[in-house]
Amino acid sequence: MNAAIEVSNLAKIFGGLRAVDGVTLQVAPGERRALIGPNGAGKTTLFHCVTGTLLASSGRVRLFGFDVTQLPDYRRTELGMGRTFQITNVFTELSLVENLVLSIIGTDRRKWIMHRPVSAFPAIREQALAGLEAVGLADRSDQPVKLLSYGERRQLELALALNTSPKVLFLDEPCAGLSPGERTRIFNMVRALPRNITVILIEHDMDVALGLADRVTVMNRGRVMAEGTPDDVQANPEVRDVYFGHA
Amino acid sequence: MGSYRIVLGLVALAAALLAPFAVGQFWMTLITQIYIYGLLALSVDLLLGHAGLYSLCHASFFAVAAYTTAILQVRHGVPTLLAAPAGIVAGTLLAILYGASVRTRGVYFILITIALGYIIWGAVYRWASFTGGDNGITNVPPPSIGSVTIASQTAYYYFALAVVLLCALGYRILIRSPFGLTLRGIKASESRMRSLGYRTTKHLYVAFVISGAMASLAGVLYVYYNRFINPVAASFQISVEVSLMAIVGGSGTIIGPFLGSGIVLGLRNWVSSFFEFHAAVMGIVFIATILWAPHGLVGLFSRLRARDTKTKVAPP
Amino acid sequence: MNSGVLQAINGISFAALLFLLASGFTLSFGLMRVVNMAHGAYYLLGGYIGLSITRYTGSFALGVLGGGLAIIPVGYLIDRHFIRRTGENHLAQVLLTVGIAFVVGDIALKIWGGDNLKVPTPIELRGAIELPGGIIYPTYRFVLILFGILVGLLLWLIYHKTQIGAVVRAGVDDRETVSAIGINIDRLFVLVSAMASFLAGMAGVVGGAFLTLYPGAEWEILIYALVVVIFGGLGSLEGAMIGALIVGLLDAYGRWLLPEFSYFVLFGPMAILLLFRPRGIFGRES
């Protein structure tokens, strides 16, 4: 059976900088993989190359065996990738419901309808409200995103990714900047996701990362440094060195 | 929709319908012009206020449509029923071609549309053997459908009003549709839209062509109103002015571009009666709007109204 | 008579003039992210002022210098009090500076009237000279080429070989970092803006001597400058040079071979370039 995500010797070079320097990894379908490493390790850049926000300089990316390396980001989303961004990227000028609606119809032919209003599709609105409910934002549904706090926007960011019906979900520091309560909420949400969705997440919060992950990949300086179960990785002296500066 | 808005809308409609009886010939023709330029400004605003694209070449579609209709009617005696649609088609074809510009963004898009606009202006101006050059095309007959000729200014007023209202209605449906929402999504965050699966450039292209078709319709309306067309209609100044109309009135709304058209044309009319340097006055209006009222008249009005956190966003 | 060569020289002399205007425009954008559509108005105003100075003092050189210098305070005021308020909103910049150009245009109309005015050139530059190959060519336009090369060389040297140039280049590359390492980015802006204004004003005098000055000239020259920058890429000095050459030559040959379609000859290749490389020859992804 094909890996959900297979990255083969991927590199991304900016001028003289090898942000990603030959990364190879495989994530099994339904797996929860945490991608950790110090700042500047290349984790987000790797995400960009896998999801299509950036094109890799070399190497291959396969989604369920299908080579997507040169495909644009929207095409990869059509094929089943969903992602959140490290820097919150929601539609601030629109209302919460509108945000979700855009997420829902992103890969739906109905996005091209020009002769009927969005309100003529109550099922979409209901789906949008349900999506907001799942992240606890349903009571603010018609308000503009502008009024939301940072933490609430992060929740919305997650909701957007979830509602594209992804097969593989890429979460880039979903808990960054959140209060402990908000973190727990996100943690529980991700944990509750069905196993037909594969989840790969970048996270600095070790409790969240190691608590959610089946396997962990550690990156440093653009390369994979270690990989294994959370216990393996925690016991790995090199990894501890990188994080704590001593063996 | 708030009830006050419905009332306001009905009052405006009544005023529009009764205007020819209340005001003189001069004002009526000015208001007709306001409707036509308002429609052109609305076409620009589809891109500006909804998709976030700042096109400065819309005078091209306006002029190409106007010239096509004029040349067909005047030189080849083609009846209105063919000449008018031909004009719209010609302008739309140009938009289909010029739509390639949506491959660029931001400042590059602005510069490229400026240059594209100049191509048409240059063609219209220098290809004098075909377009009449500086002199333009004169003696455009009034539109006639079968045996009915819309000859009088009053009749044309109502004709233009009807066309514009129909357009505005269609526009309203369009911007409230899923497609309209995708445009606003692209304006809010194109990267997000792409990661949600949208082929953003394709959406922008379609919007550009629709916008060009609207501008072409305005051009056809214009040439029958004016009975004359010259290269000024294709000028950069016109493209800039209608962008300003959209902004001054309130970008992103339906009434905004028409309000803006009223303000700009009304102001120019008033000023030119006592001051010859109306370009400078227009310049000052540009400057004042950008610096102090970037959300236009509608924006100013909304700010006065909104005292609490009540949202102005209608549910989808 | 070798008309093709003649047109090439025409094109190159026009390119020299365009370079003067486009170089300031493109660097203003590269460093300050400003699209200043009043650049054409700077050209016109500088030209008129230079014209008056030349008439009054009898010196063309003083006119050229004076026209350039006069625009520096104008440009500074406009930058500081108007353009700065628009941040990086390019549409606002365009509309604002177009409005300013309208105002400046009307002020110029009031002061200098609507007739075509020619900046008087000194005797030494009038008439024609004989170029290698037996071509007789107007002296002024030939000297203009030399002048353009001189200014281009000077700018290139300053930009690539001096420290201040290095700082400007760094600023064009990455404004935030330059600011973060303690360089007074504001003063840099003022400097580049002053240079752009000076060049534009000077271009007006220099251009006004053979193209004449009249209401509307500011828009005609601006569109050429824009095409130069579209070809060459925003923010690139080399782009302004190459772009100016391309535009100058296309314009000259276009006018000669297809006068009714000369705009097509110019914009056609531009449009094709845009389809395949929207950021121009030397531009960077914005």
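Each chain carries a letter (A, B and C) given by its place in the written order, and its residues are counted from 1.
Simple rule for what comes next: a contact is a pair of C-beta atoms (placed from the backbone, for glycine too) under 8 Å apart; a residue touches a chain by one contact, two chains touch by 3 or more.
Quantities reported herein were computed from a predicted structural model and do not represent experimental measurements.
Under the contact definition, chain A and chain B share no contacting chain. Central chain (C-alpha centroid nearest the global protein C-alpha centroid): B. At the far end from chain A, in terms of centres built from Cα atoms, lies C.
Separation between the centroids of chain A and chain B, computed from CA atoms only, is 42 Å. A separation of 32 Å divides the Cα centre of chain B from that of chain C.
Averaged C-alpha coordinates put the centre of chain A at 48 Å from the centre of chain C.
Here chain C touches chain B in the complex through residues 29, 35, 82, 85-86, 90-92, 94-96, 98-103, 105-107, 109-110, 219, 223, 226-227, 229-230, 234, 259-264, 267, 270-271, 274-275, 278-279, 283, 286, going by the rule given at the top. Taken together, the chain B residues at the contact with chain C in this complex read 48, 54, 56, 100-101, 103-108, 110-112, 114-116, 118-119, 122-123, 126-129, 236, 240, 243-244, 247, 277, 279-280, 282-287, 289-291, 294. Of all residues in chain B, only 173-174, 176-182, 184-185, 187-189, 191-200, 309, 311, 313, 315-316 touch chain A in the complex they form.
Within the complex formed with chain B, the residues of chain A that make contact are 51, 53, 72-74, 77-78, 83, 85, 89-95, 97-98, 101-103, 105-107, 110-119, 121, 125, 141-144, 147, 160, 164.
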